[in-house]
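Presented sequentially are two complexes of chain A, the first with chain B as partner and the second with chain C.
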Partner chain A sequence: MTDFQQAQQTDFQQKALTLAGQQESPAWLAALRFEGSEQWLNADWPSRRTELWKYTPLQALQKNTSATWSRVLPQGVGSASLLTVDALRLVFVNGVYDPEGSNVGIASADHTSVVRFSSANAEQRSLIEKHLGRIVNTQRHLFASLSNAWVQDGVLVHVPRNAVLEKPVYVVYVSTPESEPVIANHRLLVVLEDGAQAELIEHFVSDTQPQNSFVNALTEISIAANASLQHYRINLEQEQQIHIGGVHIDLQRDARYSGFTIAEGSTLKRIDYQINHRGNGAHASLNGVYLPRNNQIVDYHTNVEHWAPHCTTSEVFRGIIGDSARAVFNGRILIHPDAQKTLAELSNRNLLTSDKAEVDTKPELEIYADDVKCAHGATVSQLDQTAMYYLQSRGVSKALARTMLSFGFINELLQELPQVAVRNYLQHHLTELFHTGTALE
Partner chain B sequence: MLEIRNLNARVEGADILRNLSLTIKPGEVHAIMGPNGSGKSTLGNVLTGRPGYEVTSGEVLFNGQDLLALEIEERSREGLFLAFQYPVEIPGVTNMEFLKASVDARRKHLGLPDLSSFDFMKLARETSKKVSLDAAFLKRGVNEGFSGGEKKRNEIMQMMLLEPSLCILDETDSGLDIDALQVVASGVNAMRDDKRSFIIVTHYQRLLDYIVPDHVHVLAGGRIVKSGGKELAHELEAKGYSWLEDEVA
Partner chain C sequence: MIALQAGGPHVTEQVEGLIRKEYSAGFHTSIESDTLRPGLDEDVIRFISAKKEEPEWMLEWRLKAFRAWQEMEEPTWAHVHYPAIDFQALSYYSAPKSMADKPKSLAEVDPELLEMYAKLGIPLHEQEALAGVAVDAVIDSVSVVTTYRAKLEEAGVIFCPISEAVHRFPELVKKYLGTVVPQKDNFYAALNSAVFSDGSFVYIPKGTRCPMELSTYFRINEMNTGQFERTLIIADEGSYVSYLEGCTAPMRDENQLHAAVVELVALDDAQIKYSTVQNWYPGDREGKGGIYNFVTKRGICHRNARISWTQVETGSAITWKYPSCILKGDNSVGEFYSVALTNNFQQADTGTKMIHIGKNTRSTIVAKGISAGRSQSAYRGLVRINAGAEGARNYTQCDSLLIGDRCGAHTFPYIESRNSTAQIEHEATTSKVSDDQLFLCQQRGLDAEKAVSMIVNGFCREVFKELPMEFAVEAGKLLEVSLEGSVG
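Our next item is the complex of A and B:
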């Protein structure tokens, strides 16, 4: 790139890069960090004309130029509510590993392993070098380059050939306000070898105080032949929390990915999923829920690419948008020429519970193979009037009827969740949210 | 109990009920029969306040109160119940949750204490047994994927739980096999007393063999064109409605 083409960097880009440069990280990650820095610095900062950021302004982030990063484990994690689940648990607070809250930290003795990059052995290190930054689609995920530039620690979940991870891996990312706003860079890499099986729960949570941090969280997942992953990504942070996240998944032959994600809104919350069907017969399902209210915004961009034949995708997203909140859903499915016999379905349904609520939904199908079955659809509506009447005709008040229908609309996806701890936690959380919240007015 | 005077109502700009008058005393069972599209369901919808059903004139007194001035949910809490011809499916809301919410509302209105979840579950299980609905249905979404007959039994279960003072059954017998029909009939009969009244909308004499009405009315063209005792139902079964239209014309 010549000087002439060099993009105009924003203050935030420079500031973030400076902070990234201050991170202490093992020498073997230096190449990735260098690559990331280059990309981040040369990236065009999104504007209203940038297709991928059309509806989601980054102002809230740009203001954040006094940001720093957390050097010590912050205090006062207590009020964040966690799942009750028997799991291999790792806790990070504002990006700093919390050994007290975690119950793993070193490689376990058997063949399966959950390990931090900083304590990876030689074999694990070579796995990380092989995959980290190689699954992510940086073209569609600007903040991946910042993540690469910053990477200092992270978590590797590695399940060897035909092994089954005995417990779910539960990674908790806690945010808590500090005197200066902080940037927390979270990095997770999942490598499932042939025939391996695992369950992963990622939980982004904050205490209830107004937050001042920016979380940039990138997860890369490699699922080899016939391996399978059950993955939950829960984003329930206080509404001042800025969150930009990405999940990037490569699926090899007959691999299976089953994902669920839920997000409440914030001043800026953007989550990208990239799923690549790279081997024949892979299957991916991804269900998602978003619930912005007040003045919050939440933006989901999903991009599923079918590169190989006989793969299937099923994607269902539902949102309830209240008050003056805004949601963006962009679901793209791209069928490349070799991906014959693809079956792909995408549905997005939205409930607007206020006149000022907004949603921009855009399912996109791009098909370059001729023998495929694809369907997609998006709806935006109010609560079902017939159902409202039915409930009221049984004495249920209008307000409670709305609450019940809104809960029901989301609960249809929750009740299918195989992990009972997640299901219970979310059902409880939503019941409280709908009963106390303004989400329904 | 219920007094309808010269009720006119329209739906989607069309006048459906025309000068309908009907008086129901406590403890009475009235059957309403009549051709398709004559306005039978419209009457139930208007009485329960369904959106889109507009009363253009007339009045309705329910236990001396102006029924039409009440909100939908208030009518229910006051003791009005409609068993729907086409019960509504609500995926994601469990039947149990739904039943509890409605019973809570009614009890609160009557000044009764809330039932604990445990007591309510017990009551709901007992009641589902009475309508031969497996308790597993309590955990499913409201009417979600229920067969026609299961939906109707679910309606009767709600009626039993709410103990309304006026029950309107809109073709609850349609599409029921004989066992289910007996379940419905014995449910109604068990609830009959000298205070509770029923309006039974049906096309078939069969149900009225089990639930013997005090009065039978024929609704045609939005008004009651003939009223009589239980024999009228037999006559209608034998002759159809056309002779009445001749009579009215």
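Our next item is the complex of A and C:
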């Protein structure tokens, strides 16, 4: 690496701190912001030699040095398509809260609270102070420190003991181009107390124009004993956008987390999942889909750590990579010394549909306990030629056969989704994507 | 316990092997040695080169490597932990003194050496009984005696110490040395290139099937001496060779560094089968002592060629070893079969790299890791399909077996694909010896230790069946001995 590049990178780190200084956040978040700023500045900027960023260049981020915060609610974002779902909805446009699009301010169910940090009461504030920035693993997720440094507002979803959230919480993050490049820092904190249940949909979406923004989105989830969360994270922003996301989850005794994530569409998407099994008998399942094309890069890093015995993990990721796109997958399962009787499985399957496409996958097992059953598998290939032949011999055109098989490959994961609205939305979206052929050539 | 025994292993010996709990090859033969003062600078390299009466080009080659090494940093990415090595505290040359006037026949060989071989079970004095195997026995740095030279020469096969090849076949050495593992390849390869003491050189001429399995025994014998072997095997077009490498070292307390380099060149249609049984001193029960084994092994396959690595790794305190294949030619094949067993405080980070460059290249990886005691064992592998590797195929399977609740087993496979017609499959599992299996065996009258050893042998069968016969028998026995005391 030349000195010139080194200087540029430090520039972005500096620039990010200047941006942090421009945030107007309440005094009670000052300590967290200070901590974040310090970690961010002291962190080594990732290069190809940094194991966690080996395959994912961050050069694109350097160009964002002129970016600013969006202060006013941008107008005319009608073309972004949303889910049709009866839910507690919060909408942010380029990081700015949109009260018109949202429907929470109205009294929600009795014991639950879905509020923004800025309108939290004293009790909620103490809850935020207790959890915010405490679930993240900043060692493995550099941009979590940045998120801490940048935090100004965010959303708290709090479900008290044994309460069940009747409607899903639907948080929409819309991106739309402005005259200057924009930066958005999204923060979500979910606290489920003992025996609570909730469903959460995070939807990152943009209008159809090319974007010009950098999104840093961090979600922290604390699931207490016997509580359960169904979580969807949908990333469908358009070209010219950089999205760095992190989802950090703590699971206590017999807690359940069931997650689904899909990424498709922007210049660079890097999403980290950090799941910690902290109590006996917790279960986590995480399924994911990535569909990079053109020159896009999608990078999923998942890290599941088993700290307690009798926990189970199941992880399935599938991707179709076309054009000159690149997919990076890293799935690590770490079993700590006392986490006996663990059951963990991970599968990662990739289809390459173009000779310029690339996939770099690395499933990892790190095991320090003996009484465990762990397995992982990874495959890279093209569409099954015998299946293609079969369909073509039945009179199906080559293009349609490809569409059918590709859709089927992804749909196996979609059809398991319990939330009908999400399932329909994604099936529709993928059908369009595959039919135009852009994802397959 | 890796000796090749004349007339096959005897049952009584096997039983004895089981009774002996300590490292059975842990004895030390005292031979007066001609050892260089500790430290490494250009003078040391000049000394080594002069001692071997090397030509100027060889010295230059070493110096180039040394200068590169000085700029390099020790790799830290491996999943192993050890105190920093002081490279200036090591001595880089030692040779048995009685070698000054080279022995022409066995009768001239130092009887103490012969005795040591006898303990190791290399029956140099029973060559007839050792039918089919030529042994190039290496003690520390200088090859002592080479057997079956005549028969090999008849077939046109060159099998000699590399220091001799530098003199006798300078063109071949110049042409191939450092082409597979360049001097600057990595920290330890650079160090080896600078100070390599000796090793084997093999050349199989065009269309020749080597008439016997070639075998070299390495043995680290001198206190505080790092050993830097350099092996170069060239299989010319359409030839075949099977090469066996076995290692055992005497017991001692100080950690010893071993940084070998092995280069294989398989030209068009050639086949090389390289088998290793590594049983260097792993350190005692408390993790004291043992060999540091930082090895670079790599082979290049030209068109239709095949390279097959088979290894059984049970020794060494630390193993850092990735026998690799560069599948350059179309239709070439790379194979890697490995059993890595760690016990007590051993650490192993081992695996392979398969680099697919040519069309229709194929690779198979079968890696079995067994961790017991407080040891840590890791599989680290890379499968890379380059854009031009049309129709490339890889199959990888790594399984880990855990014995005891304080050990660790890890898997770090890197898969990089840039060709849509390539097909890659990777599969890994980790589990322990199941209680059901143990129960079944015990119920049939086997004790726990025997049962575990049987299960482990079954677990490794896929790899053992790739070993040449003599090694396969030894390997099973070796695992048994290495696992002793880890159950119950």
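As a convention for this text, the second predicted complex is superposed on the first by the 426 of 441 C-alpha atoms of A that agree within 3 Å, B and C clash if a C-alpha of one lies under 4 Å from a C-alpha of the other, contacts with A are read in each partner's own complex, and residues count from 1 in each chain.
Keep this in mind: a residue touches a chain if its C-beta (ideal position, glycine included) is under 8 Å from a C-beta of that chain, and two chains touch if they have at least 3 such contacts.
Computed from a predicted structure; not experimentally measured.
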(request) Superpose on chain A as described above, then tell me if chain B and chain C fit or clash. (result) fit
(message) In the overlaid three-chain picture, which partner chain does A:16 touch, first (chain B) or second (chain C), both, or neither?
(response) neither
(message) In the overlaid three-chain picture, which partner chain does A:200 touch, first (chain B) or second (chain C), both, or neither?
(response) neither
(message) Touch test for A:376: chain B only (first), chain C only (second), both, or neither?
(response) second
(request) Would you sort A:127 into first (chain B), second (chain C), both or neither based on which partner it touches? (result) neither
(request) Would you sort A:392 into first (chain B), second (chain C), both or neither based on which partner it touches? (result) first
(request) See if chain A has more residues touched by chain B or by chain C, and give me that chain. (result) C
(message) Per the contact definition in the header, classify A:360: touching chain B only (first), chain C only (second), both, or neither.
(response) second
(message) Applying the document's definition of touch, where does A:169 land relative to chain B and chain C: first, second, both, or neither?
(response) neither
(message) Please give the nearest C-alpha separation between chain B and chain C in the three-chain superposition, to the whole Å.
(response) 15
(request) Could you tell me which stretches of chain A are touched by chain B in one complex and by chain C in the other? (result) none
(message) Give the list of chain B residues in touch with chain A in this complex.
(response) 48-51, 71-73, 75-77, 82, 84, 87-88, 90-93, 97-98, 101-102, 105-106, 109, 141, 158, 162
(message) If we count contacts the way the header does, which residues on chain A are in touch with chain B in the complex?
(response) 385-387, 389-398, 400, 404-405, 407-412, 415
(request) Using the touch rule from the top, collect the residues of chain C that touch chain A in their complex. (result) 77, 385, 387, 400, 402-432
(message) Residue numbers of chain A touching chain C in their complex, please.
(response) 51, 55, 337, 340, 350, 352-382
